[in-house]
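Heads up, there are several structures right after this.
Each of the two complexes below includes subunit A, the first together with subunit B, the second together with subunit C.
And now, the complex of A and B:
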């Protein structure tokens, strides 16, 4: 099983990393390379899109947690969206959904981002 | 082997790439026995984690070594057995307190997943071989009882 990664801009300040296929011990290094290249101290927003991800193992989870750590350390936002039930189950077993920003779908995430924007505009 | 059991065996080398062969082996087995998607996925992940453990810890050298995987189906349960001739390694012991410190970037997640996705786990060291067995009770069989 292979992993496909597509990186696109997310608004003006962020990156969307869409992953498809299988994120496992054979493919985790591919995502790690993408994270190393795309996420740095000045990244304000990273969206990890799981829409077409069918399989996730602990090797893949480790890369995701490392990416989250980078975003937490630089005060940026790290959002997960479109988790299929079997992927969500893996996160639930590891009890890793606490402290993660997870959105069921794009609409839910857009609402959150719009609310964030408004708060910034209002200067809160 | 009991009369109502069917068993299939696969021998692969201890390389990460072989996990794909393993997934294909399970898929055929799952199809032949009509496993539901969730049971299939749970087993696939548990097998991937157990196999990754063997690839990572069983041998000190880079040489290729065989790993035997047995899948057994009976009316009540599915059994996955991993057999390797590597150094003694009990993955279950490795898991004591594995998730307590919540440091997800470190080890322990794999065995925690295995324990959560299967109903029974057993490690034995017999004749210089590691034998790691996972049992998952098959939901449809459970409903019939």
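And now, the complex of A and C:
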């Protein structure tokens, strides 16, 4: 099984990384390279779209954690969206969902982002 | 490419084609040459035959004409009354002597008409040459003989030559005859009537004899080539001159010329122009060209014909000989061409052969062999150069490959050593089977590669069996290093006698520090009470263990917290459950449940639970081996997907389980 990665802009300052196929020890380095290239200190929002991801192994998890760490360190947002049940279960087993912004679908995520923006506006 | 038995050299193939096309061209040229030269020669021969016929006729006519003139003039002179017998005899002698062709002459007078013939016997003096050898006639040596035809025993007036001429009233040529009295030679005679001045009164006959042998001379001159010849036939088709003397005086049909084209022949009898045609010719065994020309002497009474015969075979033989000569030259030329082409192509393709042999050398692994120097900067020369470049590149590539292979081998040997070290870090070296008084333990670690990120550990003290099973994210060397760190930390926890939850907390804190690579370990850490069978267990993001007892197999939930290494300061709660007699606690890593088969299906927990359901009352080692073989059967030809680790603890009920 192979991995397909599509990167599109998310809003004005964000990146959406859609991954499809199998994220395992053979393909994790692909995602790693994409993360290294696309995510840096100035990235404010990274959305990882799991819609077409069929398989996730611990090697893949490591890359996801690493991306999250980069985003956490520079104060950006790291969101996971469209987790299929078997993918969600992988996160659940290692009890890694705590502290992660996980959304079942796009609507939930949009709601969350809208709320965030409102909060920022109110704060102004 | 090695030399196959069907190998055919370019040189011979090329030469063969060139020579073949050359031969075809030669054949076309040769056959058209044959046809053209034959046509040319035929028309030449026809002309030659005609001309020979004409010229022969002319020669014959000249002679006959002069002989006839002699007799005519004699006849005219004799008719004048004042010519004495003496005069006549003198004139006869002079005519015979001075006329080369005339053999003999006579003047036979009718008695009582002219004054010279007053006697009853008439007057008929005959003078003829005595020397029969016509070929060596000389005027001086030619003696003359005299015969008096007016003698009573001859009676010239009753002879046909006299009678016929008298009856005809004009000059006549006799048919050829054998002169029995005069010298036994074939002769013809010209007889012309002598008339008085009134032109009507018959006064006698003047004759001139010609021997036919002089015709042979003309026939000799009309010979054409080796087999062509001429002949003369008389008006009634008797051969009077022929190269073959035995045919003299024989009918025409004895010559072997068939009268296939008889109509043409007949036509030639009445025509003064020459007839030319080809007809079957028995003599030469094939076709002949025949030219026939009828004599047209002024008296129009001889009807002799000159026939020129040229067998075709002669000409065809000549053309054939010519063709054979040309063909021989052509074949020699083609042979030379063949050799030259072979030589040139050999020379041109020799570098190719050398290149081919060099290629075989290189194929056999010899990259140092000498390469032929490029002869010229043509296509072959540039191929030679390219080949050399390729060989150099190949040499470099092989050198690089050897270096890479050496490096690879070194790395592999290092990894093998690393594998041994890794296995020595865990009890039992990766495959342990323990049978104690109150429990059985089976532990197996099988990395997907030489080294892996899975781990297990156990340690028994007075009261407890301490154990851990873990799975580092990813596999290979990075995972193995992280695993080593985790195992080291676990042994430290054992020394500090920490509870499972405390152990994981301590390990997590240390593993999380400066973990920029975000490596993490999922782990189940536990403590088994040898007496009571109680298990205290903490879970760091690992799959729940399976508990198997007489009721079957089921998952034993152990609620825990995040995997080790992702964030610090996490509490891992201890969960307690109990192993009763003959029940087992099976712990595993995802290398088992996520094993794939060729259809890309996963082994999954359901299969594992179903298998364990069927493994009741079986000891720990057997259970472990069954799981492993079931998984590898499932995976089939697919290589092991991930590190596999299995840790099984079975509580012994001493009353039912016998030591194995």
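Please note the rule applied: the second predicted complex is superposed on the first by the 123 of 124 C-alpha atoms of A that agree within 3 Å, B and C clash if a C-alpha of one lies under 4 Å from a C-alpha of the other, contacts with A are read in each partner's own complex, and residues count from 1 in each chain.
Simple rule for what comes next: a residue touches a chain if its C-beta (ideal position, glycine included) is under 8 Å from a C-beta of that chain, and two chains touch if they have at least 3 such contacts.
The structure presented is a predicted model; accordingly, all values stated were derived computationally and were not measured.
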Simultaneous placement of subunit C and subunit B on subunit A, clash or fit: clash
First (subunit B), second (subunit C), both or neither touched by A:40: neither
Partner chain in contact with A:117 - subunit B first, subunit C second, else both or neither: neither
First (subunit B), second (subunit C), both or neither touched by A:28: second
Touched partner set for A:96, first subunit B, second subunit C, both or neither: both
Which of subunit B and subunit C A:106 touches, first, second, both or neither: neither
Touched partner set for A:62, first subunit B, second subunit C, both or neither: both
Which superposed partner A:74 touches (first subunit B, second subunit C, both, neither): neither
Of the stretches 235-243, 595-603 or 649-657 belonging to subunit C, the one that collides with subunit B: 595-603
Shared contact residues on subunit A - subunit B and subunit C: 1, 25, 57-59, 61-62, 65-66, 69, 93-96
Residues of subunit A defined as touching subunit C within the complex: 1, 25, 28, 57-59, 61-63, 65-66, 69, 93-96, 98-99
Subunit A-touching residues of subunit B, taken from the complex the two chains share: 16-17, 19-20, 23, 37-38, 41, 44-45, 48-49, 52, 55, 99, 102, 104-105, 109-110, 112-113, 116-117
Contact set on subunit A toward subunit B in their complex: 1, 24-26, 55-59, 61-62, 65-66, 69, 86, 90, 93-96
Complex interface listing, subunit C residues touching subunit A: 471-476, 516-520, 522, 540-543, 560-563, 566-567, 590, 594, 600, 642
